[in-house]
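So that we are looking at the same thing, I have put the structure below in structure tokens.
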Amino acid sequence: MIPISYYLFLSLALFSIGMIGVMTRRNIIIMLMCVELMLNSVNLLLVAFSKMHHAQNLGTDVGIDGQMLVLFIMVVAAAEVAIGLSIMILFYRKMYNVDVKSLNRLKH
Amino acid sequence: MNPEFWSLIGEKAALAGIMIGFALVVAMYSTWAERKVAAYIQDRRGPDRAGWGGLLQPLADGGKLFFKEEITPRHAEKFLFILGPTLAMILACMTGAVIPWSTGFEWGDRIIVPQIADINVGFLYILGVLSLGVYGIMLGSWASNNKWSLMGGLRAASQIISYELPMGIALITILMISGTLKLGGIVEQQMDGYWNIILQPIGFIIFLVCAFAETNRTPFDLPEAENELIGGYHSEYSSMKLGFFLFAEYINIFISSVIIATIYFGGYDIPFVNDAKLTESIGMNWMAVLHFLSLFIKACFFIFVFMWVRWTIPRFRYDQLMDLGWKKLLPLALANMLITGLVILWFNN
Amino acid sequence: MLLSLLILLPLIAGLCLTVIKNEKPLGFVGTAVSIYSLVYSIFLLFAQTPVDTTVLFPWFEIGGIKTNIALSLTGLGGTMVLLTNLVFALLFLYFFSIKKEYSNTFYGLLLIAYGGLNGVFLAQDLVLFYFFWEIVLIPIYFLIGIWGSKKTRISANTTFFLYTILGSMLMLGGIIYIGFQLKPESFLLEDVMKVTAPFGNLQTLAWLFLLAFAIKIPLFPLHSWQPAVYKTSPTPVTVVLSALMAKMGLFAVVNWYMNMFPFSCEMYDNLLYVVGFGLVYASLIALTSNNVKKIIAYSSIAHLALIFMSLFAKSQMGIQGSYFQMFSHGIVVVGLWLSVDYMQRRYKLTDIKSISGLATVDPAIAVFFTFFGLANVALPLTSSFIGEFMMLNALYSYNPILCIIGCSGVILSAAYTLRLSTAILFGERENVSKKVRKFPTTLYLIFGIISIIILVLGIYPSILFNLLEK
Amino acid sequence: MQTSFDYIPIVILFLLAAGFVIGTIVATHFLGPKRSTDEKLDNFESGIEQIGNARRPFSIKYYLVAILFVLFDVEVIFFYPYAVNFRELGWEGFAAVSTFIGLFLIMYIYVRKKGALDWEK
Amino acid sequence: MNIILTSALSGIIFMFAGFVLKDKRHLNLLAVLLFVAMIVSAVFQLQGCEILSGKYPNMIETDPYRVSFFILLSLVGIYYTLMNRYNFSKPGSKVSDYFALIFISFTGIAVLASFNNLLLMFLGIEILSIPLYALAGAAKHKMRSTEAAVKYFLMGSFSTGIMLMGIALIYGASGSFLMANITSYAFDFQSIYYLGWVMLVLSMCFKVSVAPMHFWAPDVYDGTPTVFSSYMITIVKGAGFMTFLTLMSSFKITSEIVADNYRYLLSFIIILTLILGNFSALKQKSVKRMLAYSSVVQAGFMMFALFQISEQSKYALLFYTVSYGIASIVLFYALTQVKKDSYKGFNGLGKKSPVLAFAVTIALLSLSGIPFTSGFLAKFMILSSAMEEPSNLILVVAALVLAVLSIYYYIKVIIAMYFRKGKGKSIKLSTLSSFLLILGTILTVALGVYPDLLKMLLNCLGSI
């Protein structure tokens, strides 16, 4: 049994990578992928926690909902990706790039 | 645990090696068979120079591919250009990992089941690896920096993902019947009762059509439609890289056939025979061989069907292809699933 | 119930006038409403039926603290209501005769401010008081912004608005603190007093309120918005500002601040010096300034500072004097502003040097203006004299230095008022046509009334003291 | 332990397959002749000079199909857990999934009516 | 469940309405009808007539407060729809789709109004925000709109990630998504628990555009087509705060130190929001952008409700949302009527369209918090709810002083409308528009004079 803290640190590390990626990268696609990384690190953590809680209360339903949330996160992530990509295509077709530096029309 | 563990590893490695080799051989001879079938259908002879009936032709082809010059176009993205066919081939080899080839046989004091990985999500594994296959094509086509390739890649991608939906839904009905995601379980359930083809004719048809689309076979071979797109996604490829694309296609055909046989035609089940009694009379190992042969014969039949169709039905237009996938198969699959659910519940209660 | 009429009548009339199109001038509505209210309030005040002098309804409830619609027409509040009605009546009368070109919106907004002012003086509930306190500001803001003098109206107006809003916001913070930290039964004055009185350390709170009121009065360091606004605003607004809105601040100090924080009277000696300094400072500016409106504005600052000082002089006489002076200053200032407005209109008076020798051309205005000027200086027989005398007296017994400051203010006041009237009325005739022009009859009436009130109160102040006693 | 062990064979298979494929690629790299010319290294464009870059924006339909796939596929994922437990859940579960399929169908009809699935328009 | 079902059905109806109804007026009418249907169903739910009640006990519950909140948001929605009825076709021609998106996001609000489970809260927030990403980019031919959509989407999904991490950590510590269990769990993993809360609070700050996570808001509200930024600023923000409040009410304060830290965190957020929002709004030249910043400021005020979550603060938040909603809708409507978004665009509006100018004035006064408008009482209530704690006095006073700054930029609009001369023809409003503007004004003033009207309305809804 791998201790929960390993999962915790792994997923926090992944999460931080994603977060830093969103904040520092300039390519919108990569930012989107970093967001996905964040979501998936959460999925990992949720599954780990769910397993942990289940192991603590064997024979009950405890811990099931963690995995349920994972499924929901996947759906939501898909929906977000769908809308995000649509927006990005819209953007790309106007600007011919996907650089956040081009997002400067609303600056004052 | 250690010695046991390593021996298990060794066993699985051997199985994997055998499977890859077997798949390659089958794929090679599929090319030969393809040409023979084509010739037969078109009232020609087909290859007949190399070896008896041209049996050595595939080896000659393979050798040719091996020794050809390797060309990487100047504008290509080198790494991805190589990664494309590599990925396609690796994934093609990996699809078969969860297929139960036959019942177990005795080897010394242990029983070996000829199935590389009996994971409890076998179904999803197949779907997942199949859909990964599109990456190889996409990467290769994009990396070539050739307009035809790109077109071919795009077509391949949207075609494969479009047909994956009805395929997935068609498979769900099987799941409802069998209640397990393990392929082994599905086969066992069919051994006791009816084959799924009887319970799920519509699902079978959907799956078959989708399998054609997923393997980019005629009538859905638009990604490589040579009179429109030259060679489609592999226009720029040569040497063994081209070979890998071709091999991958044939391996995919083989594996698809095996999967169709497994899911809808009872897998390694021998029809009209009580397996348990037969096992008692001829022993486990012989039974395994019989089972394997049964599965292989079924698979060969479907490989033949693949070729048969290729030389019978003309190629679709792209919009027709998409219409078929999205507008016909998808609702059909959904309806099939609902009705199946209803019927099963009705009879259960 | 009847009291709310004093607020509602002008408010409703004002709202109606504001939205009516400008084709027909309807200024007479304002006149009618104000005269009616005046008569009505006099009736209420002197009829002495105690039933009618308080109103109490539950209003709404926030977090268990009730607010009420509580109005009361007693004491200083009653007097101030009388003053408000009087001033507005005079104002509307004046415009009825002199200037009719203002649009209905102008009168409407003025009436809204009127209702609000009445509300401020009547409200006995802290939240209600705050409501009216703010609502006065809005119409005044629009009046200055739309009808003020071209050049400065936006900047001066913005400063004025933000300054006063800042004060209000501080007060709001205080109200919230009192209401929801100290948790009185309701926001009624008596309940609020009960809660805040026993608490020792309420200095922050007291400061919040004091700042709000000081900005409105305005007291010395916070006065900077005032002269510019007085200069910019159209005369009726200036009248309202100086005669009534400044009194709002003082009234709030008396009615709310001193009641809620009785301890605070003891700790503001230093503050009073600052205010006193402001008094002298304002007077000196008035003395050196040439702009007529500016002189009157600064004189107003000085007088109000004196009133504020004597309020904190901790003697009954000082407080009474302040009350009296609040009323009297209101009346006198109306006279001053109206006569300045008259001269401005007819003789293009802007500067102290722009015209002179007016006395020979228009003796009537000369007489009235001189009289108002003298009243402003607090000459005996005028009402201001009673007030100032009492205040200085009280200041002397409290702190002689403050008294000296106050006296210097009075002396300086005499200086600049005399300088003003001398320069305008007497001397060589300049920029004034020789033709003698007829002084309008209505103005005789208006200035006459003002003068009579000043005189009567100067001779027989008990009328007002009796009112204040109630 | 047990479940994670199930996947080790797949890793082995992957390693074998990858080894084989990479080995072959490397081998053919050395085996084949190398006589590259300028024309040979150009992209094939039906015999004429290459015009422009191939990687340009292409028809929006492909994107649309991809996005629709992502959405529908994720919905299909939800059927799998249901299908596995389908007998235990009985009629109630069926009703719930029917609702879900109903929503799925509604989206499908919407997309179809919007013309997103019409390749030629 | 009623509200979730009806709002989802409304969304679906609108998806297909576009194929049937070609006339935009009919679409508007349909929207109003569906809003009414939603309100009716919500009232039934308040009465206890609930479809499928008890089927999902661990997921949703009927919280009278939040259902009432939902009703009020729907009412504001009706007002919004009617007010903007000609504006929906401005960003593009797909009016029915816009409505569908709006109603689907209302489904999110409905979910948020009935969750008692973090899982469902997450879903609700996503259902609420995903349609908004699309709405932000609705004006496809305008680069500004696309840019807003990109920004909104990126930042929104980023905050979703943070929120999920927070939820996961809380789940890890408490072993449940149920709000009730989270409040009363065995205290094993304290650090993880509080880390999760901080992340959750941060992401909620993001969703309601409060500093330090507000940076996206001005750009997005500015770039989004005005009709939709009006929706986002009013109704969506209200729903966000409703969620925030519900969420924080299950925050477990175990010790004095935690309570202090909670207060410091909130104070920090509020002060930062007010300062950044106000000072940025001051230097804007465009009214739309100014309003965007001012919405950040208003959100800062709304945060005061979180200090002491009680009946009072809940009601205060409700009141604030309604009054702020009405005022903002009027203002954004005015933005669509004037030619330019800048202050100059408002020049002389008092002459050009007295009704509009009057309504805008009252709306601005309401936002400034001047008495006799509902905005004042909203501020009063929300600040007073935070006043239980004596040390908040400084915070309250600071907020009020900063509110003076906000008045400065609000009155700049008034100055432009009344004190400056403008060019151009007068603006003609239809009778219904004028009526609605007047209605908004009357509502603002009525709520400002007699705030118990809202309470009476709620009581009525609860006791039919």
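Letters A, B, C, D and E mark the chains in the order given here, with residues in each chain numbered from 1 onward.
Everything that follows uses one rule, which is that contacts are C-beta pairs under 8 Å (C-beta built on N, C-alpha and C of every residue); 3 or more make two chains touch, one makes a residue touch a chain.
Computed from a prediction, not measured in an experiment: that's the story for all the values here.
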Open item on the list: On the document's contact criterion, could you list the chains that touch chain A and likewise touch chain D?
Closed with: E
Task: Partner chains shared by chain A and chain C (touch criterion as defined above) - done: E
Task: Contact-graph distance - origin chain B, target chain E - done: 2
TODO: Write down the pair of chains with the top C-beta contact pair count.
DONE: B-D
Task: Farthest chain relative to chain C (centres taken as mean CA coordinates) - done: B
Open item on the list: Of the chains shown, whose Cα centre falls closest to the middle of all protein Cα atoms?
Closed with: E
Task: Length of the line joining the C-alpha centres of chain B and chain D, rounded to whole Å - done: 15
Open item on the list: For chain D versus chain E, what separation do you get between their C-alpha means, in angstrom?
Closed with: 40
Task: Interchain centroid distance [CA atoms averaged], chain B/chain C, Å - done: 96
- [ ] Give, as an integer number of Å, the spacing between the C-alpha centres of chain D and chain C.
- [x] 81
Open item on the list: Going by the contact rule already set, what residues in chain D reach two or more other chains?
Closed with: 66, 73
TODO: Could you check chain C for residues that touch two or more other chains and list them?
DONE: none
Task: Junction residues of chain A - those touching two or more other chains - done: 79, 86
Open item on the list: Once the touch criterion is applied, which pairs of chains come out as touching?
Closed with: A-D, A-E, B-D, C-E, D-E
Task: Parts of chain E lying in touch with chain D, wherever the complex brings them together - done: 12, 15-16, 19
Open item on the list: Looking at the complex, which residues from chain D come into contact with chain B?
Closed with: 3, 6-10, 12-14, 16-18, 20-22, 24-25, 27-29, 31-36, 40-46, 50, 53-55, 58, 61-62, 65-66, 69, 72-73, 76, 79-80, 83-84, 86-87, 90-91, 94, 97-98, 101, 104-105, 108, 112, 117-120
Task: Interface residues, chain A side, partner chain D - complex - done: 71, 74-75, 78-79, 81-82, 85-86, 89, 92-93
Task: List of chain A residues in touch with chain E within their complex - done: 4, 8, 11, 15, 18-19, 22, 28, 31-32, 35, 38-39, 41-42, 45-46, 49, 52-53, 56, 62-63, 65-66, 68-69, 72-73, 76, 79-80, 83-84, 86-88, 90-91, 94-95, 100, 103, 105-108
Open item on the list: Quick check: in the complex, which residue numbers of chain D touch chain E?
Closed with: 106, 109-110, 113
